[in-house]
Structures are given as C-alpha cells and as structure tokens.
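Presented sequentially are two complexes of chain A, the first with chain B as partner and the second with chain C.
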Partner chain A sequence: MTTIPPLPRFPYSPLVYGAVLGIAAIAFEFALPAYPRFVFGQFAILVIITLGVNLLLGVAGLLSLASPAFVGIGANLSTAIMLRAHVPILISIPIAVLAGWCIGWILGFVSLRLAGFYLAMVTFGFLDVFLVILNEGGDWTGGGYGLIVPMTTLPLIGPVTLNVVIAICAFTAGLAIVLVRELQRSRIGRAWLAIKDEPIAAEIQGIDVPRMKTLAFAVSSALATLAGTYQALLLGVTNPSAYSLNVAVAHLTYVVVGGMTASVVGPIVGPFILFVIPELFRAIGQYREVFYGAVLLLVLILAPNGITGTIYDLAKRRTGPGQ
Partner chain B sequence: MLHMREVDVSFGGVQALRSFSISIERGEIHGLIGPNGAGKTTAINTLCGVVERQRGEIELEGRLIDPRPRRLVEYGIGRTFQKPAIFFDLTALENVLVGAHAHSRTGVVRGSFGTNLALTEERDLSARAVELLRAVGYERDPGESAKRLAFGAHRQIEVARTLMSDPRILLLDEPTAGLTGAEIARLAAMLRSVRDERGVTILLVEHNVPFVFGLCDRVTAMHEGARIASGTPVEIRINAAVVESYLGPNHGQALPSGPIEPQSSEMTRILDVRDLTSGYGGTTIIRDASLHVGTGEIVALLGRNGAGKTTLLNTILGDPRPRGGDVVWQGRSIRGLATDRVVAAGIGLVPQQYAIIARQSVDDNLRLATFGIRLSRAEYAARVDEMMARFPRLAQRRTSLGGSLSGGERQMLAIAKVLMRRPKLLLLDEPSIGLAPTIVDELASIVARLRDEGLPVMIAEQNVTWVAPLARRAYLIDGGRIIEEGPPSVLAESEALAERYLGSIEA
Partner chain C sequence: MTLLVGGIAIGAVYALVAIGLTLIFRATGVVNFAQGEMLMAGAYTYVLLAQKGANTFVQILGPIALGAVIGLIFFFVTRVLLRRAPEISIVIGTLAISILMQAGARLQFTDNPMRAVPWLFGDRDFSLGGGSAISLNSFTVVAVTLIIFAALYVTFTTTTYGKAMRAVAEDPRRAAITGIPVNRMLALSWSLGGMVAAIAGVLLAPITGVFPAMGAGVLFPAFIAAAIGGFESVFGALSGGIILGVVQTYAVVGVGGVARDGITFALLVAVLIWRPQGIFSTVKLRTH
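Right, the complex of A and B next:
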C-alpha cells in the first residue's frame, strides 16, 4: 500500500517564520545607506499592496482597479483620526485597516455579479468616487493638498522616526509574505483557486462562491489599507494625486510581471524589478518609462506566465517530463 | 430515494425535458441512456439546480426539494461532469481536498496563522484524500499539478473529489467517455465498491451500452426529453422503443462498412511522416514516429489516453512544430510550415473538441469555414448543398445556433466545416467520443462514403470497435512511439494491443 506523502508544511507556526523573515528584513534595512534604505521602505509597502492585488487577481481571478483607493483610505483615515481625534497610532492604524476590510467587503458584495471588464469598470468607478471625496473632504482630507502626518511616539520604541517607520514596513512585509502564503495554501486559498478555474464545479462542491469572492476583496483591501497607513508615515504627508488610475495599473503590472500565480514570490519580484531597479539606478533616470515599457514587453513576450511562473516551469522541466 | 416527477425544462424554445420522471431507489446503480440530445445531461443539471425547471417536482428522501448548486452537499448529492471539471491551478491532492470544503472549518484567521486546529484538520483531510485517490485507482504522485496529468487521471480525481464530500447519491455524467477498456473495467469495479462499501446510490448517464447493462441494476431510457422505458437491463435491451430510438437495428452485429478494395501495391503515399519528434515546452511527447497514409484508404491511429495521438495529429498540422524528422505531403516536405499553410495545402483536421462556433448558426459556421479561400457564389452554394446532402441532420437545423445542437450534430458540423474546404486528406481526432451508438454508426457510413469517393482519412481513436471494420491499416501508438502496424483486426487481437492498450487489469 502506498504511504501517505508528508504534507508540504513547516514544523513551526507560520508566525515564527514570518517573524524571522521580518527581523531579517529589519537587519537588512540597517545595513543599507540612507537613500536605498528609503527605497527599501517603499518597496516593503509595495510588496504588501501587491500581495493583496495578486491574491485578488492571481488567486481569486478578480480584476480590480480599486487598489489605490484603499491605499488612500489607509493613508488618509489613519492620519485624519490621529490629527482630528488625537488618537495614538497604535489605535488609528487598526481602525483604518478594519475600515478598509469593511469597505472592501462592501465593494466585493455589490460587484458580485460582475467579472472581467465590467468588474474593472465598477472598481474604477469606486476609485473615481474616492478621489472626488478626497478632494472635497475639507479639513478631514486636506482637500487637494493632503494632510501632514504628525510626529508620534510608540510605547517602548519612542519617537517614530523614518528608520522606525521603515523597520515597521519591513517587518510587516516579511510577516505578510508568510501569512498570505499560508492563507493561499489553506482551505480558503484552495476555494479561491477552484472558483477561478471552474466556478460551477466549485459551487457544487459546496463552496459559497459569493462569500468567497467578497472575502477575497476584504482581505486584499485590508492589505492595501495597511500599506496605505504605512505610506503616510513614510512620506510624512498624504498626497491626493498618488491614488490615480496610473497607480492601479502599476499594481496590476507588478502582478503580471511577477506572475499571476498562487505564489508569493511574484509579488516580491514584480515591485523589485519595476520599482526598486529604476529607483536605484538613477542612470536610468529620464528613460524610466522606457525601461518600464521594455521590461513589460519583454516579460509578456518571453515569459507570458510572469517571471515566477516561467522559473517554475523551467524547474519542472529539469526534474523531468510529467507524462 | 430520489424522484423527479413530470419535470418540464425548456430553454430558447427547445423543450429539453417533457414531463420527465425518474425514480432512483436507495443503494442501486441506475443508468440513464438515450440518443444525443435526448436530455440526459439536462436531467442531471436539473437535479443539481444548474438548470431551472418550469414544472414538476423533485423529491429527496420523502422531502420536496428545490435544488441549488451550493446546497447539493447539504443534500448529500455529488456530481461529476461530462468533461471533467478539474481545478488546474491545484495539485491532484488539493483538488480532492476542495471536496471537503463544506465539511471543514478553517477560515481566514486560522488559515493565515496556521493554527494547530487548522493543521490537524488539514492533516486528517489529506490522509483521507490520499486514501480516496488510491481507492479510485489514481497511481501517480498526489502532489502532481493537475494540469500535468492525463485525461484518465482527471476523471479519477473528479470522482475522488466528489466522494470526499461524503455524498449519499452520486450523479455521473458519462464517466467512461475517453477512457480505455482497462480504465473502464477498473471504474466499474470502483463504482460497485463505492455502492457496496459506502452505501452510495449512483445515477449515471452513459453511452457505453455494455458498461451500463453490465453494471446497472436498473436503466431508464429517454428520447427527445421524455422517458420511454425503465426497467432492468434485460428488459431495456429488448424494449422495442429503445432499440428503435437508440441502439439501432444493427446493434450487436458488425458495423456497416464499405467494401474494402484490395489496394494495389502501387498505392501512392499522399502523406509520409518520417521519424517525427515533437512536444510542448520541455516535454517530448512524440518520439521518432513514422507512418503514412495512401490515396483512398482509411488508416486508424489507436492508442490509450495520453499516448500521443492528438499531439501527433497536431504536429502534422504544424503546431507544435516538429523537432526532428520530416512530414512529406504529396512529395514535398511541409515540415516547419505554419498551420494555415498546411491547411491551405489540403490537410483538414477535425479536432477532438467539437470545433464549432456556439453563437453562430450552422450556415454561418459553414461560411466561416471557407474564410480565406475565394469561391464563386455558385461554387459556395454547391459546396453547402453537398454538405446538406452528406449530413441530412444538419439540413434540418441550418438556422439553429451551433450551441443548441446535440453532440452528434456538432460533430457532423465540425466535419462539414473541414470538408467545405475540399481537403485532400481528412484527419479525425476521436470523433466518436460522447456519441450514441446510432450516431457512431452514421459516422462510420459517412466516413466510408468519403473514402469511397477517394478522400483518404486518418482516424485517431481508442474506441477500436467502430474503426476496426473501416480501416485497412492501423498504427498502435504508445508513449509517443508507433509500436505496431498492421490490419486493425489483427492489431486488435495482438499481444501488444492487449498489453499496451488495454493495460493489465491487476494494475
């Protein structure tokens, strides 16, 4: 009789691995000179956002353009309640993330019957409405000028300096990578992939398709919102023009270049190639857009499954044919 | 246990079920047979709530129910699909685990943090899933990605996945379609043990008549949306209405075939495939395959699932491109030509999946088939008339949308589309899959007539029974290699066929 194969799981809780990866990321931060360190913080934020966008598009198969809106909600809401309600950062961020989760849930719920292009249009509409509210929000949003993030302190750590913010971003990104990976391989992740591949068969297996779709929106939105709260801290201001459609397209591009799969490597590779490399090699400077376009074209032509998808295929090829 | 009473279903003006009734008793294996388009799949879809019924009731264990797909697991109903519905982004094991979705609890928090509870649940379910995979005869690595597995494995995974949700009733839509003899024998044994050991009641829709009559306790036959008979296999086999509408008067006798002319040795090779090697990505599928087709003959290409039949035909058409060897067409090498050029040179392929446009009418489908060739109005009309004469079934449905045709009609349309271009060689990829016996007989006589008119035909099949009397020669392919050549009747009996093609039952 065949033996049951060992489960592809680690012996310890994912929290342990997440914490180890997070601490390693912090250690890496302090090894960097000032400017690359700042880029590293931005990269960590993009990884968190891209994990969420990939979860929605690559795993659940839902195309949304609303990701910048949630980044904006996170940045503005946490800053606004810090400024106006004088709430400490340790409370303002969870409130913002909870709000992002709920708004994501609602957006997912109202667009349940839509897919593909139509879903993209509705989420684009949502982004548009958000931008209008942002510009007309008066004192709460700072109108077209944005808000200035107040200096805050954290218990035990002290003043939240730039280095502390980057450390928080790095640690969270490390943790998020491991937890999202775990989630995507769990019962919930399997259900998302099943819905993407064969919706009717998934439903017949007892998967509550509407619930799973709204759940994917909620998780993805919460990740983007969390990243948004960090972004405000990192930049020191909220910038109303940083949540445009262009940004949504950039997020989707990270996912496509990284590879639209259930892997968490793609959401690291995508922002690294398209954001970190142009930032670090300033020589690219004015040719940045050209570099961006060229990378996108090259990936789509040479590696249509994205970079991780193609590496995975190559690895499989080396281990021998399937049949 | 499960009853449908006087159910009416119609869509788009077509009445798919007419006052249809069926009773399935606890613990039986019940077969549902009927010609293509009789409404068998619609009956299953209605039971699953995928299709809305206009009238009639469905009773499950004494309770009237209004089935919805999402609630089937609650009812204890599991189903499989005609074309296995496999989640390609998951591994075989994960596919089966999806079957336990409704009976497991891990949510976002437990799933992300991998709590003990989640891990214990996962471990228990995985152990059961592996056990079920072995029980249905799956022999490969459970961690293998589903998209890298062959058709037969997909069927096994789908059945295991359905069993994972602990159904009391199993609905199977053509479970033997596309399986080899050995796989079918294993499936029958497996279904019996599922019934005997797990007490599962089974309803299956099937075209494989010996399989149904051998396995089922009772059989219901339907025709044009209505039930025409119910009873034991013995009663159904001799029922006049069933014989007339489904089995055909010649059932059980040799299939009709055109006269097989003794071919002269001068017969010219119109297609000559020499040491062909090809594959997809990093995988080599076809290895050093050599075969030829002569003018005016029917050649069979026999082999089990995943043997390389489809890839070989596709390589002849130029996609994937050959990596080694040569394809000589009418004396000239066509190796490396793009598919459209190969088609233009006169080779016509009817692919395995009915290659028709569902949202266009029969007429429009035929028109589309002549895309890129210049035909005078008169010539075009003549060719359409010829198709209507060849396929009388299509003549009655010229304005119907492709998607509304029955399986048999779709296959006829797919062949007609290729014939519209007047090819000089016709390649058919498993044309009999999913077709009722009467339709397969019809197909056989159509192919025989094409051959008699001088069109050479190569048929890739695993259903030997209908091609054996037609074909003059046959090739046996396995593991991408041509392993034997000879008259189909000899090949069918040869050791190689028994071993390679039917497999060993103990396996």
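Right, the complex of A and C next:
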C-alpha cells in the first residue's frame, strides 16, 4: 500500500524545483480576483498544515489531534513577540517555528508509550490545555478574542499587505511540497514508513524508533507552527476558535481524503476538495454543512483509501500483481 | 449530597453514551463519532412525539425504535458502502454522517433549544430535609442507566444471542466458522448502540433542552469515560462515566468552571499512564 513508484532522479537540487513551484504559485495568485485570492492564501496555509499532518499520520502512522495547537502556538507566539519585543517578522517567525519544533518533539515522547486512539486522546488533551491557556492568558494571549496582528514591513518588499502575505504563503507552500516530498523519500522517510507498517521489523533493521517518532512529531509540528504564523498575518487576529477540536478533525479529514500515503498529492487534493470547493459554493449558504458532509461521505464511498491511495490501487491492478 | 447525586446523574448520561460507543467499538472496531447525533435524533423524536400528544409509552418507544433504525443505517454504511475502506476512513465516515445529521437538524429545527418535560416525575423535586432537594429526574436517569446496564449484562452473559455477539467481537472469523451469522450480530450491535443512544437522548432532553449540537457536547466526555473504562466492557463504560461525572461536578464547584476540562484531562492522562488499557480492563494493550 505504501510502495513508492520509481521516479527519475532530480538533476537539480530540490530547492530549485521548490522555488520554481513557489514562484508559479505566486504567479497564479496574481491571476486571481480578490476573494478567490484570499481563499487561495488560506488553501496554501492548509496545504502546509496538511503536509505536516500527513507526514505524521500517513507516513509515520501516528494519530495526533494536536495540529491546531501548533497552528495556535505559531500565530500567538509570533504575534506576541512582535507586539512585546517589537522585533520584525523575519525574527519572530523563526523563533516561533523553533519553539513549535521543540514542543512537538517533547509531545512526541507520548507516542513512545501510547498508540492509536489513546495517543489521539492525549494529544487532544494537550490541545485542550493549550486552549485554556489561550482563553485565560490575559494580555499575553488576548483572552477569548485573541491578539490583533500589527502591520509590519519586510526589507526590500515594504509593508506586508494582504497580497504580500498570500504570496509568502503560496511560495512557502510550493517550497514545502517539494521539500517534504524529498524528506519522505529520504532514509528518514523510509524509516517512518517502516515504523508505520512493521514497527518490530523496523527496530530489528536498526531503525532508532523513538528518535524517528519524536522527529516526525517535531517536523510535523514545525510545519503547523509555520503555517500558524502565516495564518495570523493573513487573518489579522489570533482568535482561539481557529484552533478548536473541530479544526483538528478537519485536518485529519483532509489527510484521510487525500489518501494517507507517502505522496504529497494527497495533502493538496484533500484541502482542495474539502475546503476550496465548499468555499467556492459559498452561495449555497445554510446548506454548506450538508454539502460538506455529503462530499466527505461520497469521497469515502467512491475512494475508500482516499484519493491517492485509490489511484495507487487502480494503478497496481492495471500493471498486475507482479509489479 | 445534592452535588453527588447531580454528578452521578450527569455521569449516568456520559455512561449511556459511553456504553453505546463501547458496544459498537467492541463489535466492529469503529469509533462512532455520530453517537452524539444518534442521541440528538432520539431527543428530537421524544420532544416531537410529546408535542403531538402521543401517550408516554409511544413517547419512549418511538425514539428507541428510531435509534435501532439509525443503528441499522450505520451498519449499512460502514459494512456495505465502506466495506473496502481502512478503519480510519470508516471512522471519518461516521463523522461525515454526524455532520450531515447535525446540519440537517439545524435546517429543520434551527439552533433554538426545544424544551422537554421529564417523563416519569415531571419537574418535581424530592426533599432531602435540611433545605436540600434533588430533582427526581436525576433518579430516573440513574435508575434507567442501571437497568440498561443490568439488561445488557444479563444479555451478554446468559443468552445465546449475547454470547454470539461477544464471540463476534472477540474474533469474527472463528465466530463465522462456528456458524454464527457475523453480519447479523454486527447489525444487532449497531442497533443496540443506536437504541442506548436514543434512550440517553430521552433522558438528557429535559436537562439541557433539545438542540442540534446537544449530542456533540456529550460525545467527548463520553469518549473519555469509555477510555477510562478501557473501551471494551459495558461495566467499564458505566464506571468511567460515573467517575467522570462526579469528578467534573466537584471540580466545577470546588475550583471553578475553567478547571473542569483541565481536571478531566488530568484524570484521563493519569489513568492512561497508570493503566493504558483502562481501569477495568484485563487485556494488555498493544503499544503499536
């Protein structure tokens, strides 16, 4: 199920391809009218988050509900640093991402003792405690309303307007797609796949299972934190309701619909079907939830292994079992 | 005393939902995200039948029958439509149905809560002397929960059907070899889960009112209750629910509403670290 079809080697560094994809995404942004452009920015952020969640659930096989907590950590920490210490976003974002990496790494130790549903419950506990801290944090977190993100400037680019934020999101998403793909094909990515499918065999092979599991948590959390810092810039506020359990479930849903495979197509297709399409049909208003539920159920019935998983299955059937 | 009874009554509702979750999970391996919406459907049926002026008997049997039918629909969706899907897709499938049910209820009835009257004693209170009083409805809730628990316990330990259901839960393939109709038993488990949820809805309706998200609010405490109980025995779910209800009630009164969730999770984490397989479970948990 998790076999990767052989692909030609890259003649250039993946950074080059990532940059090209990122620039293409920016070009696409400016071809869009105002409102779809905003949706595109949100979509880019969701792609970054879903890449991280897929890396954890689809590649390493670890079910976590803490992803919105890291989005919230990114949003609140970078905004709080900007407001309190008056540093530019070029410093506040890396600090937030580093913090997200470390907190994710520590949370990863839970996965050494618990698995499956129980891991999900404890990570949900982490999310819930985080939300209590946000709501009770007073001036530091803005309480139930959240912080208002200040206007900032970037060197060379100037003031960070909405278009600039969307461009940053789009570029980062493009870069992240290529880099995460590279990571999932590396020794580390194959170790994660081994842990997911055959944990005991993986250990016998000499894979440092605890280190790999905590690393998966750290990378996934860092991606969510990075997306969170962007989300704060895009939305302008850090409202705690953007980091609720429903959001965690939505992230999981994107991953499951995308296919839970070591493919980066899934984390693009999942948010596209479940976020962009319902967003484009905004006119249906009150029927939006019904539409969302129906689309979700329909995708699951038509493609039980998610979009990419089912495509792989079909491809395998066509080439025969010998492949 | 009022507090303790109140806590036990809330815990009993958690326990009923947790029992439904456990029944379904044990038999089918599916964590049912729509258990709360099954409860909500039962509660709406109860209120609507009461408004139509149906007699008490119909008011109570109607939701239970509907719960059984909804359970069968879930059996159909998870076992027939999603038969080739991995477990997590089936779980997300129940989530999709729960979204559909909640959105449907919102379109039909709006978000405004509907008032429901408790069916056995009305709104009367029972005086304990010394100025404290207990809503008699709390007693109804606890008593009904205990009766359901007893009925399930007797069914699972003495009747052929109950033993067959346990056998299917234990090992579906070997159960099939011995001639047990596995699918029929799974359908039965789903509809039992639906019926228990509907009863929980009837009991919860007078306490919180009836609104589309009423079930979603109970679902997560019920998950925790089921996890405390080990997710595999009806007794575990019952005890987990009541422990959780009492602890939450005392936490709210003693420390304040903010502490409720924190203490709930402290309890869960403590249980998971101390006994990851649940307090009342004898099975060793797989760690991967």
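Going forward, the second predicted complex is superposed on the first by the 304 of 323 C-alpha atoms of A that agree within 3 Å, B and C clash if a C-alpha of one lies under 4 Å from a C-alpha of the other, contacts with A are read in each partner's own complex, and residues count from 1 in each chain.
The rule is simple: a contact is a pair of C-beta atoms (placed from the backbone, for glycine too) under 8 Å apart; a residue touches a chain by one contact, two chains touch by 3 or more.
Worth saying up front: this structure is predicted, and the values here are computed from it rather than measured.
Participant: Should A:P94 be classified as contacting the first partner (chain B), the second (chain C), both, or neither?
Facilitator: neither
Participant: Touching A:N305 in the superposition: chain B (first), chain C (second), both, neither?
Facilitator: A:N305 contacts chain C only, not chain B.
Participant: Regarding the shared-chain residue A:A194, is it in contact with chain B (first), chain C (second), both, or neither?
Facilitator: After superposing on A, A:A194 lies in contact with chain B but is clear of chain C.
Participant: Is A:P150 touching the first partner chain B, the second partner chain C, both, or neither of them?
Facilitator: It touches nothing on chain B or chain C.
Participant: Touch test for A:L215: chain B only (first), chain C only (second), both, or neither?
Facilitator: first
Participant: Between chain B (first) and chain C (second), which, if any, makes contact with A:A294: first, second, both or neither?
Facilitator: second
Participant: Compare chain B and chain C by how many residues of chain A each one touches, and report the one with more.
Facilitator: Counting residues of chain A touched by each partner, the higher count goes to B.
Participant: Using the superposition on chain A as set up above, list the residues of chain A that contact both chain B and chain C.
Facilitator: In the superposed arrangement, which is not itself an observed complex, chain A uses residues 200 for both chain B and chain C.
Participant: Which bits of chain A are touching chain C when the two form their complex?
Facilitator: Contact set of chain A toward chain C: 63, 113-115, 117-118, 121-122, 125, 128-129, 132, 136, 199-200, 245, 249, 252-253, 256-257, 260, 286-287, 289-290, 292-294, 296-297, 300-301, 304-306.
Participant: In their complex, what parts of chain A are in touch with chain B?
Facilitator: On the chain A side, the touching residues are 1-2, 4-5, 7-9, 13-15, 179-180, 182-183, 186-191, 193-194, 196-198, 200-209, 215, 219, 261-262, 313-314, 316-318, 321-323.
Participant: Within the complex, which stretch of chain B touches chain A?
Facilitator: Within the complex, chain B contacts chain A at residues 48, 50, 69-70, 72-74, 78-79, 81, 85-90, 94, 97-104, 106-108, 110-115, 118-119, 121-123, 126-127, 130-131, 134, 141-145, 148-150, 161-162, 165, 279, 281-284, 306.
Participant: For chain C, which residues are in contact with chain A within the complex?
Facilitator: So the residues of chain C in touch with chain A come to 31, 77, 81-82, 84-86, 88-89, 92-93, 95-97, 99-100, 102-104, 106-107, 220, 223-224, 227, 231, 258, 261-262, 265, 268-269, 272-273, 276, 285-288.
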